[in-house]
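Below are two complexes that have chain A in common, paired first with chain B and then with chain C.
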Partner chain A sequence: MLRSLQIGTKSSRSVLNSIASQRSLHTVPKIETIDELKDTGLKGLYSAKGLESAWYSRAQSYVNNLNKESTDGVAGGSLEDIISTFYKEPIKRSLYENASLLYNTKFALECLAPINTFNSSEEVALPPKATVKDLLAGPVLNRNSAISNVPTNNNLKDWLVDSFGSIVEFKTLLLNSAMAIKGDGFAWLVVEKLVRRADVYETMFVLNTYNCGQPNSNASKYLDDLKLFHHTKEQENKLKDPEAKLAYEEEQKKKNKLEYSFQNTLIETVDEAKSIHHATKRQFVPILAIDASPKAYLHDYGVFGKKQYLERVWESIDWDKIAARLPQRSEKLQL
Partner chain B sequence: MKFQTKALDVLETTSHFLKSGAVESTPAWYTVVGANPPFKNQIKVPTFNYQKVAKEQESFLDTDKESKAKKSTKRFQYNANTGFYKTRITKGNSVETDVYKPIKLKFLQDELRNLFYYQHPWELADGKILVEGNSVVDYEKLDWSSIIQLNKKLDGESVVQRTLYILKDNKKQVKQNPSIEKISLEKAYNQARFEYYQIKMAREAEVQVAQEEATFSGAVFKPSSIEVGFEKESQVLSKWKEDALAETKRIEALRSGNSAGPEAGESEGALDDVFDDIPEAQEESK
Partner chain C sequence: MMSWKSLSQSILKSHITSVSKRSCRSIHTVPTLANDSLWTNKGIPQLLTSQGYKLAWNDYQSYCATQLSLLTVGTDLEHQTPFQIMLTTQGLAHQASIFHYASQLHNNHFFFSALVNDPNTNTSVPNRELVRKIESTFQSFEQFKKEFLAKAESLNGNGWVYLIENADKGLEIRVFNNEGSPYFYNRNQDVNLSSPINLAEYEKLQKYQSNLNSKVKDWSLPLLGVSVWDYTYVYDYGADKKKEYLENVWKAINWDVVNKRVFVLN
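This part shows the complex of A and B:
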C-alpha cells in the first residue's frame, strides 16, 4: 500500500509545483442567477433563509476548510484542478473532499431558476412541511395532465427520449435515484464520452454520486484500487510458493471444468461489470445535478420533505442552461 | 356398512369408566371435549336456497310483460298470452335439486385478484408469509386511502383493496356532490395499478442505490444465497455428469457383449499406467 502511495505522489508532484506558484485564497464562488435572489430566495423552491443554509453557509464552510488545508500553499487554482490533482491522494483527502463538495453544490445550483410554470402565487409559496404521516402517503397520479417544465430544446428532448424512452420515464428515474440516496449525495444526468479516434457522445445516463464523489472520479475508485492491489499481491504470493502454485492451478482447472459455473454464464457480477467499466476508456460529461443531501432541503421542507423538495427542484430546472452544456451529439453508427 | 358413530361417544364412555373405576384419573382432554362436544349428527340436512328462489321471483314485481317473459324461469313460467304463471310441478319443470345446493360464493375481490395475477404472473413469485397468529391483519379493516400500509407488504392484495376503496370513496363523494364524476371499476383498478407501479419503481431504485451507497462506503457483500445455491448445484451436476458418462460406458460395453478380458496389448499398456503411479516401481525401472 505504501508503494502505491509513493507512486501517486511522484506522478502528481509536477502538477503540485505548478499549482503552488499561483497560490491564492479561495472564496465562495459566484453564481450570477442565484446571487441576485439572495435576499428574496429562489421563487417556489427556497426561502431566503433556506437558500442561505442550502448554499451560502455551506459553501462558506467548504471554502474555510479549503483555505485551512492549503496553508502550505499547495492548493490554489480552480476547483477542477484541485479535484483532479488530489483525487488519489489519501494524505490530502480533505482538500479533494471540500473542493468536490463545493463544485457539486455549485453545479447543482447553477441548474436552477425561479419557477415560472406555476400560475398563482399560492402555488409558488413553499408547501407546508411534511410530517411522519406523509411517509405513508401514496403517489399522486395525474395521468391526464402532462408533466410540467419539460425541456423545450429539441436536441435535448430527442436525446433524452432516445436514452430513457420518454421524458416521464427520465423524470421518474432521476427523482427516484435522488430520493433513494440516504446520506449526502447528488443525482446526475451525464452524457457518456467514449474515447475513440474522435470523442463519441451517444448515450445519456442517470448516475448517483455519494458524499464527495464525482461522476468521473467516484469515491469507490480508491477502494477499487485498494482491492485490486490486495488481489494482485495475493496472486503474487500464491505463485511464489511452488506447492501453492500447483494447488492454485488445479483450482483454476476445476473452476473451468464446472460447466454450469456462475462465472461461466453470461451474467456479469457487479465486480466484473465494474472492472470492465474501468478498463474501457470512457468518461461522463455532467449535464445536470440534483442536490439530494439533507442539507439542501432540511430548512424549508423539514425532515420528511425530500419528496416535495425533489418535485420542486424538477419544476425549477432551467432547461436552457442544461441544453447549453450539451456536447455535440455523435451520429449513431449503423451496422 | 352402517354409519359408525361409536368413536363420537368417547366422552360418555370415559365418564362411565371413571364412575365405575376402570379409569382412575381424568384424562387431560376430558374437560376440553366436555366443553366442545363432537357433532354427532353426520347427516347433512339440505337447506333451501331462498336467495335463488327469491331472485327468480323478482319477475313477479315487474309490470312490463316483456321483461316478465324474459325473466321467467323453469320454476316460474310466465305465459304472456294469459298473464299467468305456471308454478305447478309437471314433468317439464320439476323442482331442481340445485335449490338445495349451497350458494356459490362470489366476490369482486376474487375477480380483481385473478385479473391482477393474470396480468402480472411474476408477482406470484414474490414471497408471502402464510403463518397465522395473533398478528394476522384483516386487510379490509386497514385504511386504504393510501396504497402504502405500515403493517402490510405491498403486493397484489394491496391493489385489490385499494381499488375497492377508490370505488367506495367515489360513491360516497358522488352522494354528497352529484357533480363529481363517477369512477368505473376499470378506472379504479387502473388507478390502483399505476400507484402500485410507481411505488415498485421507487423501491427498486431504493434497493439498488442503498447497495451502491454502502459499497462506496466500503461495504463488501457476500455472494447471495442464489449464487451459493447455484455453485453448489453446479458441483453436483458436474459430478453427476462424470458418473453418468462412466456408467454409460460400462453399460455400452456390457451390451456389445465384449465381456472377455482385455487383450494382450492393452493389458501391458494398462500395467504401465499403474507402474507410473508407484514410486518404488519407477526407481526399479531406472
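This part shows the complex of A and C:
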C-alpha cells in the first residue's frame, strides 16, 4: 500500500517536473507554521527582520543558485531527490550544495514554534544583546532548578535518557556541539539505523555537519570510492616501473608482517574511521536540527550572542513535531 | 668609565626588561584602524552601514581577540601576537580552535586595512608592475576582476578570497573555506569536503599530506584578501545579496596598500 503510494507520488512528480522545467524550477519552500509569522517574527526567538535574515533571504539565495544551475531541466524534483542523486557528481556540485543547504535550513526551522504558545497574550521579548563581557562569564551551576521546555512525549523522553543519560546531558551536548561550529553548519539529533534483515533503530546520537554536509553516510561512501580509485591508479603507475615495483613489494612484505601487531588495530585517520563506519551499513535518520550559522543569529543576537540564541532555540523546540518524526524503536536485545 | 663587562650586562639587562615587558602581552585587543573614527560614525560609504561596520570589525575582532586570549592564557603561546600564534599552530590539528581565532584576527585585519576611507573618492590604482603581472596571468585586468569576484561568489559557506604571490612570484586567486590562511598550503582549506570533490581535489589533499610529512615549506604571500564571512555582509546585505556586496568591496579596495605588498627586486 505504502509502496504503491510512493510510486504514485513519484510518477506525478516527474510529470510536474516536465511542466516545471519550462520555467523557473524552484521557489522558496513553504513552511506553514513559519510563514504565518512572517510579519511578526517567531516570538521569543526572532524579530520579523531576524526571521527574514535567518530564513527568507537565505532560502532565496539558495533557490536562485539552484535555478541558475538547473536551466537544462536536470534538477527537477524534490530537494531530497537532488541530494540523493548529486552527492557523487562533482560537476554538478553547486546543485548538491544548494539543495542540501536549503533542505537543512528548512529542516531546522520546521523544528521550531513560538515560545509559550498556550499563553499567547504574554510577550516574550528577545534577550538584551550580549557584549564581550558575556564571553568571560563562567558557567552557571544551577542544580536545583529544572530546565524548561523538556519533551513531554514519553517515548522520546525515555529514548533520549537511554541514549544520553538525562535530558540535561542531552541539552548540554546538543547546544555545545552547535556552539563549536564556527562557520556554517548544523547540530543534529539523529537515530542510528542499522541495516539488517529488518531495520534496527536503537540508539540516538548528536552529530555536527559543516557547510552543506548531510547527516547520512552517502557522501562518505563517495569519498571512499574516490580514495579506492586513486590508490588503484597510483598502484598501477607504480608497477610500471621495475625499480618501483621492487620497492613496492618490499613495502607490502613489511606491511604483512605488521598485520598481527597491535598497531594495526588502531584507527589512524578520520578517513579510516569513516570507511569502517560505512562498512557497518549504518544510516542516520535526522530527528532535530539546530542551525549554527551566523546567518541564523547575527541580526537579533549580534556577534557575541550565539549562546543566548541557542538557549532560545532550545526553548522554541516543538517537541511534538520532533516526536512525530521518530521511527519505531526496536526492542533492545536482552542478554 | 664603564667596563666592558658592566656595559654588556647593562645591555643584557635592558634587553631582558624589554623582552619581559613584551611577554606580558597576554590579552589580545582590537587594533585601531586608520579610518576607525570615520567609519564608526558614518560607516564605509556604499559598502557598510555604521552598524554593519561595528559588527564586522569592532565586534567580530573583539570576539576573536577575547576568545584567543581565553584559549592561550597561561600557555607558552600567551606572549605571542595573533600572527605568530597563527604560524605556530598552523600545522597542529589539536590546536585548531586556537588557530581559528588567530587566523581570523589576521585575515580580518588584512582585509580592513586595504580599504579606502570613502569608495566614492577612491583614486587608487594598481601600479604598473602589478598590472603587468595581472595581465600576464589573467589576460586582462577586467578578466581578473571577473574571476576574483566569481570565485568569491561561488564559495559555499564562509571564507576568504585571496590574491596570492607564490614562491615563483606568480599570481594566483585562491578561495579558502572558513579560517583558511594564505601562508601555508595545509591551511589553505581550499577543498570543501562536505560537497562532492573530484579526483584532482582528492589528489591535491594527498599532496598536501605528503608535503606536510616531508616538511615542504610554503613561500606564498598574500597581496589582497576579501572577506566572505557572514559577519561582514549578512547584516547589511542579507544572504541573497552577496554579489552586490562583493561588487562594492571591489570599488573600495585601496590599491596603494596592495601595491606596497607586491614583491620588488631592488
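Heads up, the rule we're going with is that the second predicted complex is superposed on the first by the 249 of 335 C-alpha atoms of A that agree within 3 Å, B and C clash if a C-alpha of one lies under 4 Å from a C-alpha of the other, contacts with A are read in each partner's own complex, and residues count from 1 in each chain.
The criterion applied here is as follows: a residue touches a chain if its C-beta (ideal position, glycine included) is under 8 Å from a C-beta of that chain, and two chains touch if they have at least 3 such contacts.
Everything numeric here is computed off the predicted structure, so don't read it as measured data.
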Per-residue contact with chain A, leading partner among chain C and chain B = C
First (chain B), second (chain C), both or neither touched by A:Leu141 = first
Considering only touches as defined above, state whether A:Tyr87 meets chain B (first), chain C (second), both or neither.
-> second
For A:His299, select first, second, both or neither according to whether it touches chain B, chain C, the two together, or no partner.
-> second
Mind working out whether A:Arg58 is in touch with chain B, chain C, both or neither, as first, second, both or neither?
-> second
First, second, both or neither for A:Phe229, with chain B first and chain C second = second
A:Val132 contacts which: chain B (first), chain C (second), both, neither?
-> second
Now for A:Gly183: first (chain B), second (chain C), both, or neither, which partner does it touch?
-> both
Is A:Tyr210 touching the first partner chain B, the second partner chain C, both, or neither of them?
-> both
Between chain B (first) and chain C (second), which does A:Thr172 come into contact with in this model arrangement: first, second, both, or neither?
-> first
Go through chain A and flag every residue that touches chain B in one model and chain C in the other.
-> 136, 182-183, 210-211, 213, 219, 223
Residue ranges of chain B in contact with chain A within the complex | 146-150, 162, 191, 194-195, 198-199, 201-202, 205-206, 208-210, 212-213, 215-218, 227, 230-231, 233-235, 237-238, 241
List of chain A residues in touch with chain C within their complex | 52-53, 57-58, 60-61, 64, 86-91, 93-94, 96-98, 100-101, 132, 135-136, 182-184, 209-213, 219, 222-223, 226-227, 229-230, 293-295, 298-299, 302-304
In the complex formed with chain A, which residues of chain C make contact?
-> 55, 59-60, 62-63, 66-67, 70, 100, 154, 156-159, 177-179, 192-199, 201-203, 206, 229-231, 234-235, 238-242
If you look only at chain A, which of its residues touch chain B in the complex?
-> 136-139, 141, 143, 172-173, 176-177, 179-183, 185, 208, 210-211, 213, 218-220, 223, 257-262, 270
